[in-house]
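Chains: A, B, C and D, in written order; residue numbering restarts at 1 for each.
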């Protein structure tokens, strides 16, 4: 089954994490292939966000490893993982509210693309960073809002801005934590179109509660329950998996 | 309008006011007494200290209670490297003072920046007191009584500013003014640079900065060291001006005073600390004339500022302007 | 030979530090404010003992008076000042409490002057117990040790065995909790602040006969208490206990056996802890 | 802060009026103008903080001398300008600037705190303003830092402790310990104690110190029984001295305690029984039996409403020294050479006994041996007669 999906871009091996005596992640081994949109689902408290935090480097695992393109990145801190190509968005909108949309994204571009020698150049003259930022904004569908103060954008636009920020770091892997959270129908459609487009040239790990959406867009799914992998496979396989139905879907519907 | 740098004036009027302040300071010695000239020198030195701390507080969102230590340390460096009864040229004393202050900031910063919030406050305070005790409890710099420099003449390249006694205060005055101006310009450029944008990002949301790939610890440490060195420049000037060092220069009350100047002047601008330092010095001089209970006046003024004027004096000007221009101003 | 005496000194000093630091760490942990004026509260206690001893001659009255007065002072400060600063920036909290220091000092100067006063040891304990050849230990110091231990035990029981204690423990670990508990929050805040204040005031009252009272007495204790809290870990009362004892011992033994470096010893200790565990030896989070 | 007592203020008004009158009637020469102007005497002393009472006593004594001379020294009206230095060393230079540059005082009398003194010293050395030290004992002021316009009428930290050490040695003490705060005054006293004791054949075998102004004496006291010394000398002052003497007694240490006189000066009341029998050395004490002292004490009590102390004596002598100088030059401060010469040669009949000045312009006086008895520092003898600070390194 692994071979069918090609070589893994991002991979975890026996990842565990506990808080105090409570295990939030148990022995999770997942693979994320290039160009794949991989959704992680599970009931509340299943350890989805913990998993994202372990992948992005915000949390260190109790045991197990994280590999990116074959390289062990388990010990790398968050900012170093970004430079290796792992970018994430947050479940609760996490942007620089007092800055313009452009500046939000420009900062993200700067993190990865500014040379140390240019640090003391005037920020307004860093054309290359601005154009990268504009590209990322355009990709996320915000090209006409670049001058707006981020905090004044609509909720949906702020979610798009989150994604634009991750894009500006030229990631290989996108970790998207509930990008649809709190969105209306129309905004949701916009984002799902965006995700589909993005999945062509990025590996995406998606956490999402909206099941209709997930089953529609995902190439591959992992079901987490109580921190452990209950099942994985294509959406169709997961939909018909008896254990999943029992443990999760049945409970939801 | 698009990319404003937060700590700099947002309008032409702001820059004009700054220029007017500079012009006043340039001209002041010709209009006021020797005593008041020296008083303004003291205020400008305090302004440099507050300005250097503003890089941390207003610029990066780091509230340090150990900043005064680098200031005092630098003053002691001038004392320690000055030969008895002779002056060392300023191109030796200034870099030496800044270097030592910077190294101390590197050491203190590398440890204390591992912590956040209250911990950072307490740890910087504790390390600052440690430096205080080094000079307070050892004979290194005259112990509790302090010590004074034989000849704190400002001297460069063999030529010293040998003015007649009446005009002698002019030397330190203009040197301090030049340093203050350079420091302002330097910090303004820094805040406008890519580096400054990082600091602004850290101040606004450090967690997010790490998540988009910034090694925030490194940038904070760099900033901490720069601020420490600038505090060192200020302390150096104090030693040059007053020719006297005492452990109290290092104590955490000095840091608290500098924070107060920042708050008094306004947290949101680089000019704030300068205005705050001038106002604070004037307040000290004034309360000295009217009451014995100077601490009472100081305490009440702080309370008033914290409770009523959280954006400081420059914030007052800004607020008025915003009101004139309407909500989008 | 003198080691026993020095260990007793370390124990007594450390326990006194614990009383001050435990209040600080609770207020940090649960309320999320930094109180630089905590040292002034200690000063209030010390001067309270001085005034009571001078006017009534019965120093023991300082203990109940310190407890009640401390609780009232703390509740008042919380209600009228600190409550409005929970969500303000650190800088505002720092300056507010710095202003309080100045006002407490000025008030003390206004009411009681600036002289150094010694406070007599209560007659009941005014004798010495020989602990080493040619060296005796004041009975009052044993009394202070006992008092501190009793208060520490009461604090422990309160935090470990009561409902409010459970809330406090939870809040110190997860500050968001305080908002979640809703209606109770105000009461919890006030109680914690009042207890923290009372502990500092009592510590000052107990310390008065040992260290005398003088302007700025609280300042030195404040800084050391910070070191105790940093080493002990934010919001951890048991952390504050062990760390206070550690600091008391290191400081005392340092002064006795390595006076040249004693002043720096506790700061070096703090630096070492920060290197290895930035969140403190007993802390949950940084 | 600059504030004046009501008496001086009204006097000042009178003087102003008088000066205006003179100006209206004649066109005086420059010298005459200077004479007509009152002589400004700046008192930079602590009027708040721990040392406030010292500053007040010094001020009372100076005002006594002014009153004795009907408000005139060497024919010049005296105008007092007071400034509270708060005993804050970091403000020292700036406060001295206020006196010298803003208020343009002709003479600066100050101060109590040694750290503040250094700040004053710095300013007056540069401006050349005449300065008389009424208390601060920092030895540097009349040693390597000495200046021709700076005189001290109090003591040097070295003197009392030297006297104590000498007295111990003469009595046959071979081994003693020294205990003090780790700061300049403690170290300078310690040096005096050591020199005095060694001069008489004894030895200081241990020096114990703690941070200034900490009062956690226990770790030090616990070491004393193990040292095998015959005497413990100490330098503490104010409340620290109270605490120390009490804890020394409470610790049940058998070794006799002695020290520089400040150990029991002005604090015998709170020290109570613990101080009984403690021997100290100082340039003043209770029961100095001379007419001058009796008259001085009575007059001081009448003015200040409390007993005179060593600080009052120092203030009194400071003003007396100024009188001698100004009378020699008839109030003409411009005649610096004459002024300083007269002051250097001064022989003062002080409440503390005969007082003169050393070549480094420091006070030369008797150091008395005293024993604390029933709340008084009873003088039991003279530890060192006409003792002068060595003045090492001074080139006036």
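The criterion applied here is as follows: a contact is a pair of C-beta atoms (placed from the backbone, for glycine too) under 8 Å apart; a residue touches a chain by one contact, two chains touch by 3 or more.
As the structure is a computational prediction, the values presented were derived from the model and not from experiment.
*Asks:* Any idea which chain sits dead centre by C-alpha averages?
*Replies:* B
*Asks:* Measuring between Cα centroids, what's the chain most distant from chain D?
*Replies:* Greatest centre separation from chain D goes to chain A.
*Asks:* What whole-number Å value describes the gap between the mean CA coordinates of chain A and chain D?
*Replies:* The answer is 76 Å.
*Asks:* How big is the gap, in whole Å, between where the Cα atoms of chain A centre and where those of chain B centre?
*Replies:* Computed from C-alpha means, the inter-chain centre distance equals 43 Å.
*Asks:* List the centre-to-centre spacing of chain B and chain D in whole Å, with centres computed as mean CA coordinates.
*Replies:* 37
*Asks:* Counting only Cα atoms for the centres, state how far chain C is from chain D in Å.
*Replies:* Result: the chain centres lie 39 Å from each other.
*Asks:* Give the residues of chain A touching no fewer than two other chains, as numbers and ranges.
*Replies:* Touching at least two other chains: none.
*Asks:* Can you pull out the residues of chain C that are in contact with at least two other chains?
*Replies:* Only 109, 263 qualify.
*Asks:* Counting only residues that touch at least two other chains, what does the list for chain D look like?
*Replies:* As it turns out, chain D has residues touching two or more other chains at 48, 211.
*Asks:* Give every touching pair of chains, nothing left out.
*Replies:* The list of touching pairs comes to A-B, B-C, B-D, C-D.
*Asks:* For chain B, which residues count as touching chain C in their complex?
*Replies:* Residues 57, 63, 65, 111-112, 114-119, 121-123, 125-127, 129-130, 133-134, 137, 252, 256, 259-260, 262-263, 267, 293, 295-296, 298-300, 302-303, 305-306, 310 of chain B touch chain C in their complex.
*Asks:* Quick one: which bits of chain C touch chain D in the complex? Just the residue numbers, please.
*Replies:* Residue positions touching the partner: 1-2, 5-6, 9, 13, 109, 113-118, 120-121, 128, 130, 132-138, 141, 211-215, 220, 252-253, 255-256, 259, 263.
*Asks:* Give every residue of chain D touching chain B within the complex, in rising order.
*Replies:* Within the complex, chain D contacts chain B at residues 1-3, 47-48, 84, 88-90, 92-94, 97-98, 101-102, 114-115, 117-119, 121-122, 138, 182-185, 187, 211-212.
*Asks:* Please give the residue numbers of chain C that touch chain B in the complex, ascending.
*Replies:* 28, 34, 36, 88-92, 94-96, 98-103, 105-106, 109-110, 223, 226-227, 229-230, 234, 263-264, 267, 270-271, 274-275, 278-279, 286
*Asks:* Under the touch definition given earlier, write down the residues of chain B that touch chain D in their complex.
*Replies:* 33-36, 38-39, 42, 133, 136-137, 139, 142-148, 242-244, 246, 248-249, 288-289, 291-292, 294
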